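Pasting a structure here, questions to come.
Chain IDs A, B, C and D follow the sequence of writing; residue 1 opens each chain.
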Amino acid sequence: MALNQPDIRELKSLVDWVNTTPDVRELSIKYGDVELFVSRNERTPASAPVAPAASTVPTGAAEQSPAPAAATAESATPASAPTHGVAPKPAAAAAEDEVTITAPMVGTFYSAPNPGAPAFVEVGDRVSADSVLCILEVMKLMNNVEAKVDGVVTEILVENNEAVEFGQPLMVIKRDS
Amino acid sequence: MALNQPDIRELKSLVDWVNTTPDVRELSIKYGDVELFVSRNERTPASAPVAPAASTVPTGAAEQSPAPAAATAESATPASAPTHGVAPKPAAAAAEDEVTITAPMVGTFYSAPNPGAPAFVEVGDRVSADSVLCILEVMKLMNNVEAKVDGVVTEILVENNEAVEFGQPLMVIKRDS
Amino acid sequence: MTAKQLNSILIANRGEIALRIVRACKELGITSVLAYSEADRSSLPVKLADRAVCIGPASASKSYQDPRAIISAALAFKVDAIHPGYGFLAENADFAEMCETEGVGFVGPASSIIRNMGDKIQAKKIARRAGVPTVPGSDGAIAQHAEAVAVANEVGYPLLIKASAGGGGRGMRVVESAETLERDLAEIMSEAETAFGDPAVYLERYLTDIRHIEIQVVSDGESTVHLGERDCTAQRRNQKLVEESPSPVLDEELRVSLAEAAVALCQEVGYRNAGTVEFVFDNLERRYYFIEMNTRIQVEHPVSEMVTGIDLIKLQLEIAAGNPLPIAQDDITIRGHAIECRINAEDPAQAFAPKPGRIESFRAPGGFGVRLDTHIETGYVIPPFYDSMVGKLIVWGNDRDEAIARALRALDEMHVEGVTTTAGFQRDILDSATFRSGDFNTAFVAEFLEGETA
Amino acid sequence: MTAKQLNSILIANRGEIALRIVRACKELGITSVLAYSEADRSSLPVKLADRAVCIGPASASKSYQDPRAIISAALAFKVDAIHPGYGFLAENADFAEMCETEGVGFVGPASSIIRNMGDKIQAKKIARRAGVPTVPGSDGAIAQHAEAVAVANEVGYPLLIKASAGGGGRGMRVVESAETLERDLAEIMSEAETAFGDPAVYLERYLTDIRHIEIQVVSDGESTVHLGERDCTAQRRNQKLVEESPSPVLDEELRVSLAEAAVALCQEVGYRNAGTVEFVFDNLERRYYFIEMNTRIQVEHPVSEMVTGIDLIKLQLEIAAGNPLPIAQDDITIRGHAIECRINAEDPAQAFAPKPGRIESFRAPGGFGVRLDTHIETGYVIPPFYDSMVGKLIVWGNDRDEAIARALRALDEMHVEGVTTTAGFQRDILDSATFRSGDFNTAFVAEFLEGETA
């Protein structure tokens, strides 16, 4: 780990930016061999805790590497896919035991493995961490989105075949306590 | 006194304007046969007291009618002139017993009745309400500026022959208590 | 560079036109001294002028409209000339004469020209002398029935009969054709005799389907150039809302003819300043008639600046300095199309009631072909003492369609919080099929408003 | 109106150029879908676009520079084409090729043209084929001493010898005259042999007193028009600071010759898009040499828009829709003079260190001849992830003097609080006697900065 003066200055300016921007809640930066993860409490306007973190800190960015396996649009079995970011539901009403599944990339949302097939999950379904919730098509590459938590699907927020943005909430899961 | 709806609306908008403008402290309006005088406390940001006032309220504006007597540039004796506004000194340090004499009109300030003559007043001079403090030349018309209070001249804020703006502080007089 | 230049001027105005003049001074290296009232102490023009001088209280009659305050400021602060802007004292012949008497320069023509052009009857006479068509009508009041009949048949129909002593709409009648003339004339004259004790009437052609088209001129007292026309037909209650150049209805022959008429009028009086010669244009007969001349810079002058590239305020200042016109007619070409929308702090939903107040947040539109002349900014408090115009959006496009599209885009982009403005109303006007067609007359905006409420 | 029009485009960029494209779309009635990173969520372009789609986190490599994210967004949101703006993926041949493969329209030339023009040696070859002069030099690396001597004497002096395997300033020497050539050549070649194991050298005329002049072109694949030149000589560390049109040093003959060269190059490759052909201009010999072609819209494109009246972004979109050029060369005339100043959030006093942060208060300059292309507004937080340019001030004047005066006036008027910008520095540059004279070369800004600290 070797940070020189300009690096530190630049890092500081990033943290300053997060502190002055009202709508940034989390920030992760990989800078050489240093990873920085900044998370800000949503309610309290206190200063953001800054922690130099090892790569064990689960940053969304680190998980968004493209899937290594290629897949064509026709492939029935979705390719092994990148995992997704798990973030607290942004809505004010989100309970503490609810997690919102967000889109790891901009693309098209499919609720089922094939047109006409039953959906991976419906509201009320119980899911485990490795359950596939939906598929995101990114340039004809079919990416599985997994639950990553054990719980019950309480909301599905997008329609089949809908275009979704990066970070867009897709589903809400009530986590087992 | 006859105010119809549009009149009242317009008056209200004037008062609103005074309330939203930070640098207006006093406002006087003559509207038909109604005179309105609004004065705002300088320190406290409380809402301005609004008082419909009879013409006995000494508003500066009402006193600024041009002098009836004509005078040429050469006239040695200044024409009988409009009186001037008397306002508390705007500077933060102004004591309660100090009054600031301000220019009733834009023009040129003369400290003496003639070039070469001694000044009307010097700092330290005692003046009475009808003492002439200086002359303001407004388009070759020489206007006497009178003290309007009894007291002692503590400051002369402009130089002889200086151009002065409307409302510009000219002198400070410490009023007799 | 021209030979002579003013060192300093007093700007005797406020709002966007004060800022407009400050900007021209800055670019020319002329010291701008802004005369302002107490109500405008924290206004943008005051901030941006080289020097600002308070000349009186908020009331215009004691500040911007007080000749003594203005001239006294000019004398005390030793400026070379006064730029009156528009409104206030800009076309006040007495004020111009006082400037002449006091030896203060005035950015405008001689007071005698202001006086002549300010007198409608006098102005019409001068126009006729210069060979400029005026609205057909009687030369003066006619008291004899027989003479009135003869003149009426010369003027043509529809014909407006106005009782000489009448006013405010009383003693007026429109005669549609010669058939009813003698009877109508007799009735009006006897009514006038009864009501006012004077049977005399004026006769004038009654024009209904008209446009308002004006020519921008600049003269140095010797020669005159024009910068093409502005079409100001979109008006509400005789207040211009949208102005554009070129006019969508003129052909090349008419365009040249109008401009030549305006130049002839200026040459007739030896005009010296920027000015505007206003005409009504009869859509049906496609003929134009002189109505008046404005001897000052106008609100809508940027429209001509945008299509010609010529800075009219700078030209005014050059002429006031005593320089001959630095450009000839051949140097002036019209490129593309420009449209101006006046943005007022008024509420269209409340019969356009003025809405002074605090601008909580303001963001100007930007980008290609967009010019905003405004004195407002975030935090500015619009005082209730003066007119409600808070800015002018002027757009330029290669053609009228592009200019309209750009104006709509810029109106959408402009962001004013805290005060209601007419920007949305302007958008509706510009986006209407009628405006887009270019085919309308001075009744357009009133009809548009009726259509909206119907 | 043209025959074909795109219904919707994805704007794969940020900042002022994203806003610029949004504006053009609005005026054309094209739905703008703006691809943005999480850092730009509350930016002005996001607010003003018809639709905005978040495509990734702040890091450009995972958003604006990620071809997969951009193309996936274009496919998912079903746009007709992607406008890449400048920077990021705008000249990435692989990205353009992916668009071609995926069947997504790309507002730019074919990937093969981007690839060829992106390869400096290849581009030079094409230029020579089109008869466009390039900087005199060897066609490739020369390993034989005798051959090098022969070529060197053809190229002329001063001459730059560059070791083929060198780099970063190593293995370079300037030869002032033929006298020392053989010795210098022998030394460099033997040094290169020792250091890199390869004696081969490139030879090139060493130009020092040069200006940077570029021609704006637009081609539809069949025919090409040009919009005159831009002079971008005022640079700091190869970053353009001030651009203007016309160039203050070209005469009519050179102007025509440069433009014809640029058009010939476009015709040679069947170019299709707006583009810029860049030249160095040798002040001493008054000759120009092709250096590279940019196959995208450029930061400084508004300079050409201001003097021609032509909207370059609209032309790009028309061509991308498959329309032929709607204008011919005869339709294009240059009027007046335009100057652009890039405003960066940098501190000139701290070696131009970037100064991201919150804009506490912003007021745009306005009035005649002033155009501001910016995405900043009061309350905007400049993110530290991207480049530091916060806006471009473009002014137009009848001549260069008026344009400079206007630029100074507008720079003075612009009000930015909370963040340090280069506006004041730009003011100093423009106001300098050297810039005003028009007589300088690419070393001007560096010399100006030295003069200031001296």
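Definition applied: contacts are C-beta pairs under 8 Å (C-beta built on N, C-alpha and C of every residue); 3 or more make two chains touch, one makes a residue touch a chain.
Just so it is clear, the model here is predicted, and its values are computed rather than measured.
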Partner chains that chain A and chain D have in common: none
Inter-chain centre distance, chain B versus chain D - centres from mean C-alpha coordinates, in Å: 61
Whole-Å separation of chain centres (CA-atom averages), chain B against chain C: 37
Separation of mean Cα positions, chain B and chain A [Å, integer]: 69
Sequence positions of chain A contacting 2 or more other chains: none
Residues within chain D bordering two or more other chains: none
Graph class of chain-chain contacts, one of line, ring, star, complete, other: line
Complete list of chain pairs which touch one another: A-D, B-C, C-D
Footprint of chain D on chain C - complex, ascending: 19-20, 23, 26-29, 48, 302, 305-306, 309-311, 335-336, 361, 363-364, 366-374, 377-378, 396, 398, 401-402, 405-406, 408-409, 412-413
Touching residues on chain A, where the partner in the complex is chain D: 10, 13-14, 16-17, 20-24, 27-29, 60-61, 64, 66, 105-108, 137-139, 163-168
Of all residues in chain C, those that touch chain B in their complex: 35, 38-39, 41-42, 53-59, 62-63, 68-69, 71-73, 75-78, 102, 353-354, 356-358, 381-384
